[in-house]
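Notes to accompany the following structure.
Going in written order, the chains are labelled A, B, C, D, E, F, G, H, I and J, and every chain counts its residues from 1.
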Amino acid sequence: MSTQPSKEIEIFPNPEPGRDYEIQMTCPEFTCLCPKTGQPDFAILTLTYVPDQSCIELKSFKLYLWSFRNEGHFHEAVTNRILDDLVKACRPRFMKLVADFYVRGGIHTIITVTHQQS
Amino acid sequence: MSTQPSKEIEIFPNPEPGRDYEIQMTCPEFTCLCPKTGQPDFAILTLTYVPDQSCIELKSFKLYLWSFRNEGHFHEAVTNRILDDLVKACRPRFMKLVADFYVRGGIHTIITVTHQQS
Amino acid sequence: MSTQPSKEIEIFPNPEPGRDYEIQMTCPEFTCLCPKTGQPDFAILTLTYVPDQSCIELKSFKLYLWSFRNEGHFHEAVTNRILDDLVKACRPRFMKLVADFYVRGGIHTIITVTHQQS
Amino acid sequence: MSTQPSKEIEIFPNPEPGRDYEIQMTCPEFTCLCPKTGQPDFAILTLTYVPDQSCIELKSFKLYLWSFRNEGHFHEAVTNRILDDLVKACRPRFMKLVADFYVRGGIHTIITVTHQQS
Amino acid sequence: MSTQPSKEIEIFPNPEPGRDYEIQMTCPEFTCLCPKTGQPDFAILTLTYVPDQSCIELKSFKLYLWSFRNEGHFHEAVTNRILDDLVKACRPRFMKLVADFYVRGGIHTIITVTHQQS
Amino acid sequence: MSTQPSKEIEIFPNPEPGRDYEIQMTCPEFTCLCPKTGQPDFAILTLTYVPDQSCIELKSFKLYLWSFRNEGHFHEAVTNRILDDLVKACRPRFMKLVADFYVRGGIHTIITVTHQQS
Amino acid sequence: MSTQPSKEIEIFPNPEPGRDYEIQMTCPEFTCLCPKTGQPDFAILTLTYVPDQSCIELKSFKLYLWSFRNEGHFHEAVTNRILDDLVKACRPRFMKLVADFYVRGGIHTIITVTHQQS
Amino acid sequence: MSTQPSKEIEIFPNPEPGRDYEIQMTCPEFTCLCPKTGQPDFAILTLTYVPDQSCIELKSFKLYLWSFRNEGHFHEAVTNRILDDLVKACRPRFMKLVADFYVRGGIHTIITVTHQQS
Amino acid sequence: MSTQPSKEIEIFPNPEPGRDYEIQMTCPEFTCLCPKTGQPDFAILTLTYVPDQSCIELKSFKLYLWSFRNEGHFHEAVTNRILDDLVKACRPRFMKLVADFYVRGGIHTIITVTHQQS
Amino acid sequence: MSTQPSKEIEIFPNPEPGRDYEIQMTCPEFTCLCPKTGQPDFAILTLTYVPDQSCIELKSFKLYLWSFRNEGHFHEAVTNRILDDLVKACRPRFMKLVADFYVRGGIHTIITVTHQQS
């Protein structure tokens, strides 16, 4: 398995596809750059999902988040982008991503994006 | 972009209008004046909304809140006023504003105002 | 405006009667007497309401609570009494009062009373 | 009124039987004995109820809990027993009892029992 | 009763099968091994269930959890496995297991599995 | 023993006068009146002392604090006064009183007074 | 080893008598009776000591504390008594006992007793 | 007494000049302007002092802090300035001022200034 | 570098031996067995030291703690043993180890051992 | 003033060099790379210092910390390096830097480095 940052997300077969259950993964170490000023932004990400046929591999998730480190992204766009990538990779029954960004301009921003399998 | 207090609220296009998602912005630095005594009031504001076609620009939101600094406003009225201005500026699908005012007369007041797109 | 304890509750016109919104006022300084022993009782009161045509004036609310200071009241009765007085004064769409009394006999009592406009 | 432990629970007339409201009483001082080993068990009890015609008298509730001090009871059984006794005494519209027992064998047990007036 | 780790779960008759009530048992001392690296994993387990005819014996639950100490298990699989074993042993009306694993690779994982009697 | 408010403080013989040890008593239920406005003030009092020949009787301490309920006192003066009365009553080797007053004018005041046996 | 309450405290040889180190044992399950009213009192005990030749055996400490369950003791006296018994049993270089009693009469009492090897 | 912002600090005679004791006043509502950008800054101020012949009058302290509302001041300078003004007004035996400023540029600044009577 | 449990502790040269500075490493995942009953014990270990010529390598420290997993050790002895091994490996100027063990028999034990370079 | 990452630290004259006072700046957004694996590390930095003739400019401090973002550094070395750079830039009377790193390998590391003007 790679140990380099990568937009590829590895999955593994859900060991209990016959049951709806929830997996939550919290990463307090997300950082990317502001596309306007180039300055670093930081966020605590909390992903919650109900797997269908596949689960997200933990180390691969870490490397995926690392891949944003030197890229410019707006808060609203990057939160939607990460959810989209994760949904595409593991096709969950339900997925929610909460991005809790550090204070900028005296204001603390939290963005919550949700996906429901149709 | 201006760096002066202003009642104008800037917006930018929602990067993901096809999905309902939530943005929360907390500002612990709101202050205005009491219209009866002229003395300063302080509040922590928490805005939560589901954008439709537009999002509120963070710096502009800060300058908008700053514009109340030397104006007299009653607690109930100013909370409704801010919600009204923000709704008019970005036409959200849903918006909630919580104004948590500091203790006055031994009493701690919190006002919660909500708007639902019809 | 009076600065003496009083059972009269002053109101002012709701600045936004066209919208349902919530006002919460917490007072950690309520005290009355036990009607059996005459000893002081203490409680933290939290009032939450949705105003209709009128709002409760903050200073008047403080003086109203002060008026119980040297009166004897049972926990259950005084909580219902305060809600009744406040409902009569401002005719809210909804009102809830939580009275969180200090430990007596090793037991911590919290009483919650609710009114819904019919 | 007695000041000795007793399984008798005193009640008094509900001062506001025309309204559904909630009373919560928390007692962090419950102790009984393990029926297998004879060793003391400890729990924090939280009782929440909606009175009908009667309320539970606070001091009597304390003496009732005290009466378990030197009796042997299993966790699950004693929690149901206390709820049953209290329901019989005051015939509430709703009652919930949460018994939060101290750690035994590295495991922390909480039991929640509920009664609904039929 | 044995004092050795064992996959056998002892039960005892529910003292109040006529009522739906909830039992919660939290164990902060769960440990097993990672099947890929052989390194120890740690979790805080919280089990919540509504018993039907049987309850789980506390000491037996402790010995059951102990039996995983030197076995290799993936997070998702072991959480589902423990729920399955407990459901088979006591046939509850409802059961939920939350496994809160310690940080690995900067990511904190919580898995929640639920069973409903059909 | 009286059950009425009283400036008399009862004492009992220190059971261990040969050893320096510390007694701390916290009372969150102190209230008196503001001598300028007549409005109620509230404080949490924490008394810490090393007894010499006498200890302060707990119920008497409660009645002593109750005696201030309808008297007017400035924050600084009443804190010193209580310490003086307690020192005179029990002649401790060391005594400290912390009075933590509720917010007035947006300002939270804490007063700490200490006595050392000479 | 006995499993009955007992005033006998068992000790075992300090495995590292050549070094000063500290052992802290906290027991939230201490209860005795009030000698005046016969009612139960509860406290959290925290013992901290530097062993000399002997350490206090954990299970024996639990049974020792249990032995106070049905005895009447004043707060100040029982705290000194427990320290005295423990000092006599294990002759520590230093020992401190903090007894944090539950609220009585609206007052929360903490007693701290210390012994220094001479 | 004035109710307008003012750099004049009123004092009153220390009721107990024969004893060293400590007064702490916390104000979470301090605001001034950044002298470079003109934007508002916010801080929580905590003043601790041992009075000599005079104490600081609470309402006057509030009006004094209010007087900085529309003035430009650097963090380090304004904290020293306030301490200097307060020392000059009441000549305390000891005084400490802690200014805890809100986050700017992702950095949280706390400044602590102390004065000792020589 | 090995990835197996080992009593060998790897070190690396202190990058700043000319300065006294402090390194703290907290591991919430320590477990060993009770030598009397064979049952698992758990503790949170906090190591604080001032390095001299060598620092403790983080991964090696983890593998060292892992090596106790299936060994029997008394609380007091194992805490002293770990300190001794670490002192021997890196010869620090100062070292302190705090072992915070999980509740056993209703008692929570914390052991603190310190070494000072002579 | 630059808005790019830079190892240059700007200073400004201390407005009160005649007094010893303390400035604390906390930055929760420090990140660099592990020199062995290239993976990102994260830390919360807390700097406390007593300025002599110069103070550290806040924005410049932020840009300085940013400059480590894509560099490889060991925990112990980078903490000492930052202290050295800051001491060289502003020659403080006293300075302390605490670097609180995120969990790696199940271990949480905090490094504290101090400088005293000689």
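Quick notes
We adopt the following convention: a contact is a pair of C-beta atoms (placed from the backbone, for glycine too) under 8 Å apart; a residue touches a chain by one contact, two chains touch by 3 or more.
Every value quoted in this text rests on a predicted model; they were computed, and no experiment measured them.
Comparing A-B with the candidates A-J, D-I or G-I, the pair whose contacts agree for more than half of the residue-numbered pairs is G-I. Comparing the centres of all chains, each the average of its CA atoms, the largest separation from subunit A belongs to F.
Rounded to a whole number, the gap between the C-alpha centres of subunit D and subunit J is 56 angstrom. With centres taken as mean Cα positions, subunit F sits 36 Å from subunit D. Note on chain placement: the centre of subunit F and the centre of subunit J lie 46 Å apart, centres being C-alpha means. Residue positions 28-29, 42, 102, 104, 106 of subunit G are each in touch with at least two other chains.
Chain pairs that touch one another are A-B, A-E, A-H, A-J, B-C, B-F, B-H, C-D, C-F, C-G, D-E, D-G, D-I, E-I, E-J, F-G, F-H, G-I, H-J, I-J.
Those residues of subunit F lying in contact with subunit C across their complex are 3-4, 28-29, 31, 37-40, 42, 66, 69-70, 102. Those residues of subunit A that touch subunit B in the complex are listed here as 74, 76-77, 79-80, 104-115. Within the complex formed with subunit E, the residues of subunit J that make contact are 42, 102-104, 106. Note for the complex: subunit H touches subunit F at residues 14-16, 19-29, 51, 55, 58-59, 61-62.
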